[in-house]
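So that you can tell them apart, the chains are marked A, B and C in the order they are listed, and the count of residues begins at 1 in each.
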Amino acid sequence: MNEKITIQNLSVTADGKSILANINLTILEHEIFSIIGPAHSGKTTLLRTINRLIETQPGFSRTGKLLLDGKDVLNWDIETLRRRVGLIFATPIPLPGTIFDNIAYGPRLKGIRNKRKLTEIVEHTLRAAFLWDEVKDRLDTSALRLSGGQQQRLCIARTLALDPEVVMMDEPCSGLDPISTAQIEDAMRQLKNRYTFILVTNNVKQAARVSDRVAFFLAGQLIEVNSAEIIFTRPADKRTDDYISGRIG
Amino acid sequence: MKRRPLTIQRLVWFLLALLTLFTLTILFFIIGYITAKGVPTLTPEFLFGMPERMGKEGGILPTIVATIYLALLAIVIATPLGVGTAVYLTEYTRESALTRIIRFGADALAGVPSIIFGLFGFILFVIYLKMGWSILAGSLTLAVMILPTIIRTSEEAIRTVPYAYREVSYSLGGTKSQTILNVVLPNALPGILTGIILGLGRSVAETAAVIFTAGSSLRMPRSIFDPARTMAVHFYILAREGISMPRAYGTALLLIISILVINAFAYILLFRLTRRFR
Amino acid sequence: MREKLFEKILLLCALSAVTALFLIALFIFYEGLPLIFRIGPANFLFSSNWAPTRGHFGILPMIVGSLQVTVLALILGGTLGLACAMFLAEFAPRWSVRILKPLIELLAGIPSVVYGFIGVLVLVPLIRRTLGGPGFSVLAAGIILGIMILPTVIAISLDALNAVPLSYKEGSLAVGATRWQTLYRLTLPAAKSGIIASLILAMGRAIGETMAVIMVAGNALIIPKSPLEPVRTLTSNIALEMGYASGTHQEALFATGVVLFIIVALLNTFALLALRKKV
């Protein structure tokens, strides 16, 4: 499989404080790549550096190289990059408006105005996110009335509407009930063939369930990266082992 | 002998309640008085008729038209400037010397007395820019007067839009301008509209700044370059020159009704705003 | 790039307020300062002889008049306003505040000319009948202005009182103080800077008010020795004579505007400084 994302010696600081130190990592196409680690390990910052969302925050700076499909992300047109690499946040954030409008928002910004095309996109992505059956009769109602799990699946559909190649999920199931969690994990497995998934999660068991490869971060450093099987059965680093067995957390 | 604290409190309660009631009584007295004396004059002939004998007889249609023109044009001029300022302050800058200067300008402008605006509008718009006494000169002057209000309310409204919405838009490939136009402003709209409506109310009530810029001609204005007399100015002239008491009352009542309606709109909007995010 | 253009346009908008302020100051000073320097600031400010058509430009009566009227307005409106603010902050039931506050803000919406009108019809005769004098007086103007500044004083003082942290008040109540004692000894002092700011801002409004004052103050060119005598303020002076002034006379009115502008600017600066000093 090809390298989708290559990270070389990446360091990120915010207001002088080091958040990520010297990260070297590759993420392959069509895999589910999990990033695990305790809070404040820099996992979210890594995602936000990949899609350059971190640039909207003042006071940050970064060194090192981050390549998407072999090209430095800094050389990508930033809007194209963000459509190519979608991000789903930890708390579901539906925009005020209808379900239809939420999903059509991204495509509309890109210039797609044709109503039929938009409807197609809405249905297609809602099906992929396992939400279509639940909302197909009420696409014109407010997205704010959906349950937490439904809203998160809406956010997934919204991201998929831009036809990304990489989908990054930042603790997408935190606060969701087990059924919604299972649905989202199912969606990931089903969609693996079309997309590359990067999953940040605090839930070790979830990572064990869905991942192909796993990286363990601790306090801004990459401790270990390997296949899921190895990480969860015979991790090379003691700290990884401590985290997975709950001794640190 | 030390009086019991609770007794003192009870006394204080009564005193303060009385004083508050007194304040409200003043309000109701003013409105009631004008209403009682002004209602008989509010006939269709009055509202839609032309003034005769310098307002001693006839109606006040030109003043109604003038007020509407003036207030609306002032809003049209002030809103883009005010909202633009608010957007710039919240979306494009952090606290810096520049933002402090901008804010100082807005705050200082809010404190300038209306007669100074009148002098300013007169010398700049009427004389130097040769607009003469005109609706245009009046509206430009009013626009500067209401600018701080619009800036303040718009900025507050924009700040209440959750930052997360912006991040969602960015991560979906939105540019900054797209995010502002498609997410921030639509969600800040109720607050912005409140500011606009408050500015409208202020424009309708204003006299000193208008009389020296829009003039006091009682003719029906046909374009924004014509002079015009607003309801407030007309009322002032009627009252001070003693031209016609009934018509003065009628004009005053119409003024108060307009402002009440405008304020009511602002409040309803504010309610809907807080309801949205519940 | 479109984004840069968008940002530049917004920057231009943002500079509009400062530009307007600058233009106002520029034009007022440009038209008014020459005369002040020609006849000398001391002569302008401290002479009581205002006869512009004959070359005399002393605005002392107007300065004194403005001050007298404003101080009276502050005393009347300030105390009444503070009383209402205290009532609304501490003693009024919650539901009533939601009705009372908008009602009081309605007072702010009534045009100043209407206030002046009511003043002429009701207040002036009342003063004439009960206290003597022509009725058109410092007292009348002070009362009307006092009413007009009520919304300002109430709104800002109320905010200041409500901004005092709940924990302060609860601490006081917990040791057995009554609500009034808490208010008097704790909340009021804590909200002092906000209340002072409201008073200074109200003062600025009062000094700047024109139309209502013209209608009830009498506009006589004297320095009043009693509140029952008529008075002319800086603002009335400008508004009354601007309609027919020309040449040097007009310059003198702009000069009056300069003095007014400076006074109000100073007051507002003090108010803003006081507002910045939080609890």
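Rule of thumb we're sticking to: a contact is a pair of C-beta atoms (placed from the backbone, for glycine too) under 8 Å apart; a residue touches a chain by one contact, two chains touch by 3 or more.
The model shown is predicted, which means the values in this text are computed figures rather than measured ones.
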For this session: Based on the touch definition given at the start, go ahead and assign the chain network to line, ring, star, complete or other.
Result: line
Seminar exercise, completed: Of all chains shown, the one whose Cα mean is least distant from the combined Cα mean is B
For this session: State, to the nearest whole Å, the distance from the C-alpha centre of chain B to the C-alpha centre of chain C.
Result: 18
Problem set entry | Chain centre separation (chain A, chain B; CA means) in Å | 48
Problem set entry | For chain A paired with chain C, centre-to-centre distance based on mean C-alpha positions, whole Å | 58
Seminar exercise, completed: Residue ranges of chain B touching at least 2 other chains are 175
Exercise. Which of the residues in chain B end up touching chain C in this complex?
Worked result: 5-6, 8-9, 12-13, 15-17, 19-20, 22-24, 26-27, 30-31, 33-34, 80-85, 87-89, 92, 101-102, 104-109, 111-120, 122-124, 128, 144, 147-148, 151, 175-177, 201, 204-208, 212, 232, 235-236, 239-240, 248, 252, 255-256, 259-260, 262-263, 267
Exercise. Residues of chain C touching chain B in their complex?
Worked result: 2-3, 6-7, 9-24, 27-28, 31, 80-81, 83-84, 86-88, 91-92, 100, 102-107, 109-118, 120-122, 147, 150, 154, 177-181, 201, 204, 207-211, 214-215, 235, 238-239, 242, 253-254, 257, 260-261, 264-265, 267-268, 271-272
Exercise. Along chain B, where are the residues that touch chain A in the complex?
Worked result: 94, 162, 164-175, 178, 182-183, 187, 276
Exercise. Okay, in this complex, where on chain A does chain B touch?
Worked result: 51, 53, 56, 58, 79-80, 82-83, 86-87, 89, 91, 93, 95-96, 105-106, 109-110, 158-159, 162
